[in-house]
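Same chain, two partners: subunit A is paired with subunit B first, then with subunit C.
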Partner chain A sequence: MNELAVELEGVCKSYRFFELDDIALQLPSGTIMGLIGPNGAGKSTTIRILMGLVHQDRGEVRVLGHSMPDEQVAAKWDVGFASDDMRLYDSLTLGWHMNFMKSIYESWDAGYAQLLLKKFGLHADQKIKGLSHGQRVKATMLLVLARRPKLLVLDEPTTALDPVARHEILRELTDVMVDEDRSILFSSQNTQDIEQISDRITFIDRGRIIDSMDKEAYLDRWRRLRLEVPVGVALPALPGIIGIRQTGRLAVVIANAFEADLPGAYENSGARVQAVENMTLEEIFVANVERSREGVTV
Partner chain B sequence: MNGSVVRQLALKDWRLHRLQVILSVAAGAAALGLFQIGREIPVVLGATWFFVTLVLLACMLPMSNVVNERKKHNLAFVMSLPISPRQYAMAKILSTFGMFLVSWAILVVAAVWLIEARFPHGVIPVSVVLTGLVLTGFCLMASVAIVSESEGWATAAIIVCNSSYGVIWYLIIRVPETAKEVGGAVAVWSPRVLRILATEAALVIFCLGLTFYLQSRKRDFI
Partner chain C sequence: MGGSFIISQADKRPLYLQIMEQIRQRIAVGDWASGQSIPSIRQLAVDIGVSVITVKRAYLELERDGVIVTRQGKGSFVASDAHVGTRIREQELAQHLEQAVRSAALLGLSPKDLEKRIRASYDRVADAEKESV
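On to the complex of A and B.
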């Protein structure tokens, strides 16, 4: 069995005003990867390339062991895809859509579909045009999940959902992972959603992957130190520090490779460590993007 | 397994547009009903209504079955299914062309049957040529819609085709032999008529082939 559900290597795609540059990404089977990036970062383009909807100019893409886009038909039998700009047919009922999916996928689990109908509070005989935005997203998720795909590729599925609907969707995604062979690639701007369910995090900005690692490693390695710097003391350049902002005698230091001896090193230099704080994924994301953009522009 | 997906997609399009197709056939049949009255004004009105019905269906189907699928963001849903761009094109060609061809064939056969029963048979060849032109125009409009998936280009194709019908019908009718044959009691399938029909058929096949070729070379779908 292939151990990588998704593998991108050296993937490039050029548009007139945007370029996806040398994307490399690996999603091991059985994991949930959160793809985080600001608007226009390249999340959707990456996912579309992954699904064979857009063809890469260069580079290799493999999904469940199939080369994309050439083997997209074979790959898509086992991939469930949903995106925030995907719409079902307004004039038809959810029940019609369920029967449609059942007629295509032998793996369709009618019992699970009925269970999801109840859990999501949906009615099979309701037309799609009569559903709210949240209900439409849930209906799409039902159609994707009841196929029992090996890989779920979700492009901002929780965008514009209320907190309850978001929670219902995320809980269902977590339940999917009870089966260890399943994998999820989940893109979002909402770092809370990603933090809640992901094992691995990938940051993307301006068409480039800027970082990718285990979520726990991120949260462990990133710290914010608040220092009091007496007059005449200069903060030393230490490894693992990616940003220092000093206002008068107060300094905020961001570390992306925090080690236990780091506060001591600052104390030895004459500064006083007021606090060592954990950072949220959102703070890490913003710091990462800022660092990447400074690196690009300098 | 995959032929089944193409079939399901084509059936889905039939399900979505069945009312449009049924209403068009009913409107065309009602137009032919005016022929039964037999007097000049009802016949002229019936013939106009009949062609308007065919032309309307030829314009509406590519817009609603192809362009709207992209406009209403259903394309991402369809393309997430296990099909290739080539198979998607096949499903669209089967459904769009199939729906029009069935409606067109029912109405044209009914019109020919009615003419045979009540009018001089000389009008049959020119009627087939004129309705064949609508079929050719439909193929061109549908091909542009499928390949471009653009409302603008599809609308441009509709305008060009609809503007051309009048000119081409006029050019066909004004040929003296045609005018003479139309009034005759016997249907004359002259070499000229057969050449026009062959050209129409060739254009239909060319449009279908080019659509399939261009669609299978597309690199970006959404």
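On to the complex of A and C.
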């Protein structure tokens, strides 16, 4: 149960204009990890490295116990990978692709494939070239899900889908968790998807991991405080604060290491705490990236 | 069973609190009877379509509040005291009152002032109910 489905340690990869620096993350079996970060942060490169599609310059990568990229052939039997640039044969039908997968993977679940076909509103005799973008994404997901792999690695599985299709995909992903031995690592620009279905969140920005931890603990560390600051009162510098914005007598304080005694500390300084609010992952995302862009040191 | 759980973005509270509240409601109205076995954390997570860790947190907090109990190897159950429904409503009321006290403090109201306001609210609710009959 405490086995790791994915483990990266000290992974580095340099390109001319981009560098992945000392990436470390652990995905325990039976859990879902959401990979989040701005465009160009290194999410896709990280995913490609752990799939063995890109080779790291340095560092250890283990996927289901296999060392990557050396043992990628062995690892791939149990790993389902889907990304936007997945190649399907345009002139062939979805049914052909399903049969193809069935002929390769023993674990192919034909009944589940039929069910997904219905759920996703797809037809086996449709040619790939006639599919819309959303249908193509759903077709790719079907081909990966029906293999029932131990590990699903999905690069932006919900991007460009309509809300109904998005929910269908998320629903299938959470259904995977019925089985405690299966795991999912997915990246997304949709913070709400990540907030809803991830057990762990890994935040990447500019080729580095900013945070990688339990989602509930992560969300719990962040708070927004609304303060009333009377004339003559100066807000003290307190630990765990990453941003203060004050206009007139109202101030908004963002804490990324919130402790229960923080509101009391502001009250003691003469400010009045009007509200202590939880933050959504979307708000945390923006605060985190703005901080790193402004180069503010904590 | 999880089909009737609602996770809403319009609800500003974290997901685990939304789930806790809906479990409390089920117990308060008797759908989940006292002593009854409830879904495992993983099963409820799958039913609702949220992460296991979020439901785990909701269960842990409900255990702390004495609303549910988890027995090693046997799963989770609604607390087996006859008044668990009432107790949940009591806890809800206590939360609302504490919130009211905090709001009153922001306005600089004395306890006496707050009492008056509560009485006024009582009358307003009573009037509204009379009208709707």
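As a working rule, the second predicted complex is superposed on the first by the 288 of 298 C-alpha atoms of A that agree within 3 Å, B and C clash if a C-alpha of one lies under 4 Å from a C-alpha of the other, contacts with A are read in each partner's own complex, and residues count from 1 in each chain.
Heads up, the rule we're going with is that a contact is a pair of C-beta atoms (placed from the backbone, for glycine too) under 8 Å apart; a residue touches a chain by one contact, two chains touch by 3 or more.
Keep in mind the model is a prediction, meaning the values are calculated, not measured.
K.L.:
Based on the superposition on subunit A, does the combination of subunit B and subunit C result in a clash or a fit?
P.N.:
fit
K.L.:
Is A:Gln135 in contact with subunit B, with subunit C, with both, or with neither (first, second, both, neither)?
P.N.:
So A:Gln135 meets neither subunit B nor subunit C here.
K.L.:
So, A:Val73: does it touch subunit B (first), subunit C (second), both, or neither?
P.N.:
First partner only.
K.L.:
I'd like to know which partner A:Arg48 touches here: subunit B for first, subunit C for second, both or neither.
P.N.:
first
K.L.:
A:Phe81 in the overlay: touching subunit B, subunit C, both, or neither? Say first, second, both or neither.
P.N.:
The answer is first: A:Phe81 touches subunit B but not subunit C.
K.L.:
I want to verify one number. Taking the Cα centroids, what angle sits at subunit A between subunit B and subunit C, in steps of 10 degrees?
P.N.:
Taking subunit A as the apex, subunit B and subunit C sit 150 degrees apart.
K.L.:
With both complexes superposed on chain A, which partner does A:Thr158 reach: first (subunit B), second (subunit C), both or neither?
P.N.:
Neither partner.
K.L.:
So in the superposed three-chain picture, is A:Ile104 touching just subunit B, just subunit C, both, or none of them (first/second/both/neither)?
P.N.:
After superposition on chain A, A:Ile104 lies in contact with subunit B alone.
K.L.:
So in the superposed three-chain picture, is A:Tyr89 touching just subunit B, just subunit C, both, or none of them (first/second/both/neither)?
P.N.:
first
K.L.:
Is A:Ser187 contacted by the first partner subunit B, the second partner subunit C, both or neither?
P.N.:
Touch status of A:Ser187: no partner.
K.L.:
So if I take every C-alpha atom in subunit B and every one in subunit C after superposing, what is the smallest distance between them in Å?
P.N.:
It is 26 Å, taken between the nearest C-alpha atoms.
K.L.:
For the complex, give me every residue of subunit C touching subunit A.
P.N.:
7, 9, 12-16, 42-43, 45-46, 49-54, 56-57, 106
K.L.:
Report the residues of subunit B in contact with subunit A in the complex, numbered from low to high.
P.N.:
Those in contact with subunit A are residues 2, 4-5, 8, 12, 15-16, 72-74, 76-77, 79-84, 87, 219-222.
K.L.:
Which residues of subunit A touch subunit C in the complex?
P.N.:
30-32, 167, 170-171, 174-175, 177-178, 180, 192, 195-200, 214-216, 219, 272, 274, 277-278
K.L.:
In the complex of these two chains, what residues of subunit A are touching subunit B?
P.N.:
Per the stated touch rule, the residues are 48, 51-55, 72-74, 76-77, 79-83, 85-92, 96, 100, 103-104, 140.
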